[in-house]
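You will see two complexes here that share subunit A, one where it goes with subunit B and one where it goes with subunit C.
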Partner chain A sequence: MGYVGIAEGLRYWMKRMEMPRLIIAGFLVLLYVIAPFVGADFPTQITNTINRFSWNAVLVLAMVPMVHSGCGLNFGLPLGIISGLLGATLSIQFGFTGLLSFVMAIVIATPFSVLFGTGYGTLLNKIKGGEMMIATYVGFSAISFMCMMWLLLPYTSPTMVWGLSGAGLRPTISLEGFYDQVLANFLHIKIGNFEIPTGSLLFFALLAFLMWLFLRTKTGTAMTAVGSNRVFAQAAGINVDRTRTLSVILSTWLGAVGILVYQQGFGFIQLYTAPNNMTLPTVSAILIGGASVNKASIPNVIIGTILFQGMVTMTPTIMNALIHMDISEVVRVIVTQGMILYALTRKPEGGN
Partner chain B sequence: MKQNKVLNFLLNNMVPIMFIIICAVLIPLSGFSAGYLLNEIITRMGRNTFLVLCLLFPIMSGMGLNFGMTLGAMAAEIAIIFVADWQIWGLPGIVLAVILSLPISVALGWLCGTIMNMAIGREMITGYIMNFFIGGWYQLVVLFMMGPIIPIVHSSIKLPRGYGIRNTVSLLNMRQTLDDLLAIRIGGIKIPVLTFLLIGLLCLFIVWFRRTKLGQDMRAVGQDMNVARDAGIKVERTRIISIIMSTVFAGFGMVIYLQNMGNLPTYTAHSQIGMFCIAALLVGGASVEKASISNAFLGVTLFHLMFIVAPAAGTEIIGDSMIGEYFRVFASYGVITLALIMYEMKKRRSKGQAGQMLAQAQREEEAS
Partner chain C sequence: MEKQGTPLLQMQNIKKDFFGNQVLTDINFTLGAGEVLGLCGENGAGKSTLMKILFGMDVIRETGGYSGDVLIDGQKVTFNTPFDALAAGIGMVHQEFSLIPGFTAAENIVLNREPVKKTLLSEVFGDRLNTLNYKAIAETSAKAIEKMGVEIDANMRISDMPVGHKQFTEIARELSKDQLKLLILDEPTAVLTEKEAAALLDSIRKMSAQGIAVIFITHRLHEILSVCNKVVVMRDGYVVRDVPAEETSVSDITKWMVGRNVEAPAAAPDKQTASAASAGKAILSIRNLWVDMPGETVRNVTLDVQEGEILGIGGLAGQGKLGIPNGVMGLYDAGGHVEFDGKEIPLNNPKACLDASLAFVSEDRRDVGLLLDESLEWNIAFPAMQVQNKFLKHIGPIALRDEKAIQEVTRKYIDELMIKCTSSQQKARELSGGNQQKVCLAKAFALEPKFLFVSEPTRGIDVGAKALVLDALKKFNRERGVTVVMISSELEELRQTCDRIAIVSGGRIAGILPASESSEEFGMLMVSQVK
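Our next item is the complex of A and B:
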């Protein structure tokens, strides 16, 4: 009898995990098992994974509000990233340094993300059902528009502008002396080769907790209701458009904070076309974590980011050692896009 | 009433009119001569129009802008790599490339169509992701499998490490063979007659195809899938065929494009093609659900005119050519965004109208 129960339980979990996630989790476990045999230093590998998790987790978290309110996967993440970049560059321009520059970057990014989020949310309300494609191109348009702006805006800080002409921002700006590693160095743990950027993890935990809390408030519940069935939500007296706009603003703001956290880990601000490369991996990460086009939770974010970033950090080392070919980049592209394709072909749960 | 008509015309053709204005402002600023511009435009029309026309088939069947047309481009690139490796040059090389690209395009098109059928209502984003997904496989094949698994004879196109294809494959011996054959020169302006003949043939084919049973079916599916299904049309099959046709013609178009360029940027040639072709079609006044051959021609002309003059005009205004480069990218993204937004809003409006009509009909029924 017990076996039947176990088999049932196993089947239940198999069903919940779904095939692609199972394959990727298995692949990652396999990589970790192989790692010691090919001479990869295990603590370093774990450290890398945790490190990259701490850079990216907030960005992935930015997907949650919009998925919850039924706006689909946030392919418009670049808008959030741009607010973050404006915050970062302005904070440096105004001469803030150290931790204060990070705090000020978030503070300055906030009005931008509210502004962009409101506009973007209003737009998305007019085109319900076609959000994802339009979001992609709104993102692209915004990035290419900002490409012109980075050249034209009157920045003067010598750390950021081109040395010769004294105008126009450089594509990569070092954060040394500003907020490079400010979160990571807080309560930083180091044992041999094994390091934990505690501060970054705590910062993510705080935001994730607030998100969890928010989804349980009245407004949060309304958001989920709008996402699962718009017609019922409207009948229940929820202002659908307002709720959706709010979720877009939240997503945009989290995107802004997310890119700042990413920068503090990475150590550089990347401008111009760089934000183009952030969206799809982020979308893919939350999908790997078990989210679908209209359902996402905090555990999805955590599991997804660990799996995705684990794969990103582990494949180059292992693949290089095993077959002496660096096919990791290709594997990453195929897994990223394959995951999104898989999610798109699923029938949305519940009517909309 | 008449004023309304003018307003409607302006609204419906907002994008082309906007681009005509942009071009009208930028051309004098760029300082290019009329002869130079005409020459460039004719070259670019020969290069791109075929690719743009392949987008018409999925629009016919209601699948929107085919962002997956890149798959055809990749098929053509693989075919070209083989032809370059076997050193079959000139016209025979081009014909062989077209023939080789055919089975790959059909297979990829079938795959794309099948996946799109699983994501009805989300075809465009699916096609868009599809082109990255297949792009990954393309890299796997070209960068790693060509050499050890797929035999490549000549080391001149291989990377120095012994496998994988170089970042650029020179097609110097194939360069503009199609364009130069039957080319006419009028006052320093070269007109690639054969290329235009091929484009004309495709146009004729499209006109003819619209009247065939299959073409009619496609339009019926595009109008309303459920009605088409009730009428006994195999909806899924028709949709897949329209995507396959688009992919195959995109492959042919890519061969024309590459022979004109004269070299193959192995890993980047296809990455922007889809976006530029779609933007060009939209600039010509097409929308997500309606596009004609004239849209394609007008679009290619206006879009590429803007493309040629923007950097020069940017240098003139601000003293930085990068501004112009960014501006043209912004304009192409912007025009796609605008078209998508207008399409979705129109769809919602007509849905609302249908609902109102239904309500009114019900009211009338109740009253009687």
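Our next item is the complex of A and C:
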């Protein structure tokens, strides 16, 4: 009897886990098992994974509101990232340093993300059903537009502008003296080679908790219902367009905060086309976590980010040691794009 | 004409069920060459299914086929696809047009059977490179149009044509097939103006004179009488009458169509409510309502609903009965005046209706009525939470879902309505149609409305669930004094449940009768203004 019970339980979990997640989780476990044999230091590997998780988790969290309201995966994440970049660069330009520069970056990024989010949300309301396609191009155009603006905007802070001309921002700006590691260093734990950026994790936990709470409020419930069945929500007296716009603003703002958290961990602000490299891995991460185009939860965010970032950090080390050839990038691209492809093909027929 | 040798078409003991749901039982009739047969019956009587069997539509085979025999010229035939039926000389004009808008009438008429010319290229590379023989196309279509006897411009593009001409193009396409022996017209006059309809009837007579048999399905009964040789009336999957047209009348046919037992008028279930209703004041008054709901246009409805009654709204499909609740509740564009309890209700604003304590159970369970991918708890509690701030608990300034209260109310309705489910957490998608309908009712009940619109509450659910749903409605009306307006295509059901029944025809209220009135009277109202 016990045996049958266990089998049943396993089958249930197999079903809940879904194939792609199982494969990636299996692959990741395999990498960790191999790690000691190829001479990689295990604590360092774990530390890397946790670190990468702490950088990226908020960005992945930024997917959640839009998925809930039925706007699909936020391929327009660059819009949020750009709000964050504006916040970051302006905060430095105004001369803030240390933790204050981080707080001010968030404060300054907020009006931008509300503004961009409103416009972006209004656009998405006009093209219900085709959100993800349009969102992708919104992201592309915003990045291209900002590529010009980073050169043209009258920034003067010597830490950011080109040395010779004194105008235009450099592609990579060091955050040393500003908010490099401000979160990570809070209650930082270090045991030998094993480190935990406690502050970053707590910050993510706080945002995730607020999101969890929000989804349990009346408005949050309405948002989920709008995503689940728009007509039902409308018949229940919900203002569908307004709810969707609100979700887009939330996603955009979280994107802005997400990139700031990423920068404080990474240590640099990356401008110009760099936001391009953030979108697909982020989308892919939440999908690996078990989210679908119209359902996403906080556990999806956490599991997905761990699996995806774990893979990203582990593959170069292990693969290079094993076959002396860098195919980690190839593996990453295959997983990223493959996961998105898989999720999109599984979109329920007709969508919303 | 009737008894010369073997009849063209014989249908013998045709039976068909959809997943155990018997829709056709022992259908027998014959049709001679050149005869016109009028087929009538309420929506859901089985006319379309019967025609699908005759035309070999895929859906029949996919759902397990049928039993009984179809004989053409005395030979037993089995049509596996519409192509087989076409080859055997059966043509069908469907309710929906299947024409290519950018092509001319002539091109549509010969579509896929175009006369072609050989060219040098096609000699070398095969028939796919033949060119079209436009002269032959023009001739073929002109012949077909002449056969039909109605003038339409063969060179006009379909997209430029009025609706009537599109219909004629479809008919001409069938007529252009040389082997055509039997033409099925499925409500061809539904979209025609009076003049066009008259022209169509003429052309049916002409076809019949040329030896083509016609099966003519329509709700306009006088047309049947004017053009058909015989009338077959169907009801609930049975042929209830098969008579020569000259021996019958519109009122006979309507009686046969709607009446299950005309002799015993359905008693109003509860005389007490009926009397209460007659004494009550008008709680909802609708004045000059129009609703732009595709396929259910409401043109000009004026209606008073009395406090505490159950008012039925009946009528044939497409006449606008569904448009009324959808328009009042703000789900489709509407205009006019609606007054509830002495206060004007703004139209096109679902929230305002809900705030005014109106509730609506939509006929479209899957798309409007339910959150299919959410739990029953969500489905039942959601509108009440959003509209009336119920099921929320306040922690400081924030109000969160009160999962416990939600679970309680859901369990209460699961017990009360006997919803079959594994738990209150089960997804709505996983329930059967009847239980889904009960969830929709529970959702409306949880709003504790003063007034409830219920649209097609028994559509697509089995008999047992039907009785439960109707009982729940009656109980809700009686015990809580809620005024209910129930919209249904099944007259019998309305007569069992309602105090008064309004019949909608042509987007207007054709009349309001007490439920005890004879079926015949209702039938007359149903077809009175069919447009």
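The rule we apply is simple: the second predicted complex is superposed on the first by the 348 of 352 C-alpha atoms of A that agree within 3 Å, B and C clash if a C-alpha of one lies under 4 Å from a C-alpha of the other, contacts with A are read in each partner's own complex, and residues count from 1 in each chain.
One rule holds in what follows: a contact is a pair of C-beta atoms (placed from the backbone, for glycine too) under 8 Å apart; a residue touches a chain by one contact, two chains touch by 3 or more.
Worth saying up front: this structure is predicted, and the values here are computed from it rather than measured.
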Given the touch rule stated above, what does A:33 touch, subunit B (first), subunit C (second), both, or neither?
neither
After superposition on the shared chain, which partner residues are touched by A:147: those of subunit B (first), subunit C (second), both, or neither?
first
Give the label of whichever partner, subunit B or subunit C, reaches more residues of subunit A.
B
A:322 in the overlay: touching subunit B, subunit C, both, or neither? Say first, second, both or neither.
neither
Between subunit B and subunit C, whom does A:23 touch in the aligned arrangement: first, second, both, or neither?
neither
By the touch definition at the top of the document, which applies to A:210: first (subunit B), second (subunit C), both, or neither?
neither
If we overlay the two complexes on their shared chain A, which of subunit B and subunit C does A:340 touch? Say first, second, both or neither.
first
Have a look at where A:123 lands relative to subunit B and subunit C in the superposition and call it first, second, both or neither.
first
The answer for subunit A against subunit B in the complex is residues 75, 123, 126-130, 132-134, 136-138, 140-141, 144-145, 147-148, 151-152, 168, 280, 325, 327, 329-330, 333-334, 336-338, 340-341, 344-345
Using the touch definition from the top, list the residues of subunit C that touch subunit A in their complex.
329, 331, 350-351, 353-355, 360, 362, 364, 367-374, 378, 382-383, 385-387, 389, 392, 398-401
Under the touch definition given earlier, write down the residues of subunit A that touch subunit C in their complex.
213, 216-218, 221-222, 224-225, 228-229, 231-232, 234-239, 294-295
Considering only the defined contacts, which subunit B positions touch subunit A in the complex?
115, 118-119, 121-122, 124-126, 128-130, 132-133, 135-137, 139-140, 143-144, 318, 320, 322-323, 326-327, 329-330, 333-334, 336-337, 340-341, 343-345, 347-348
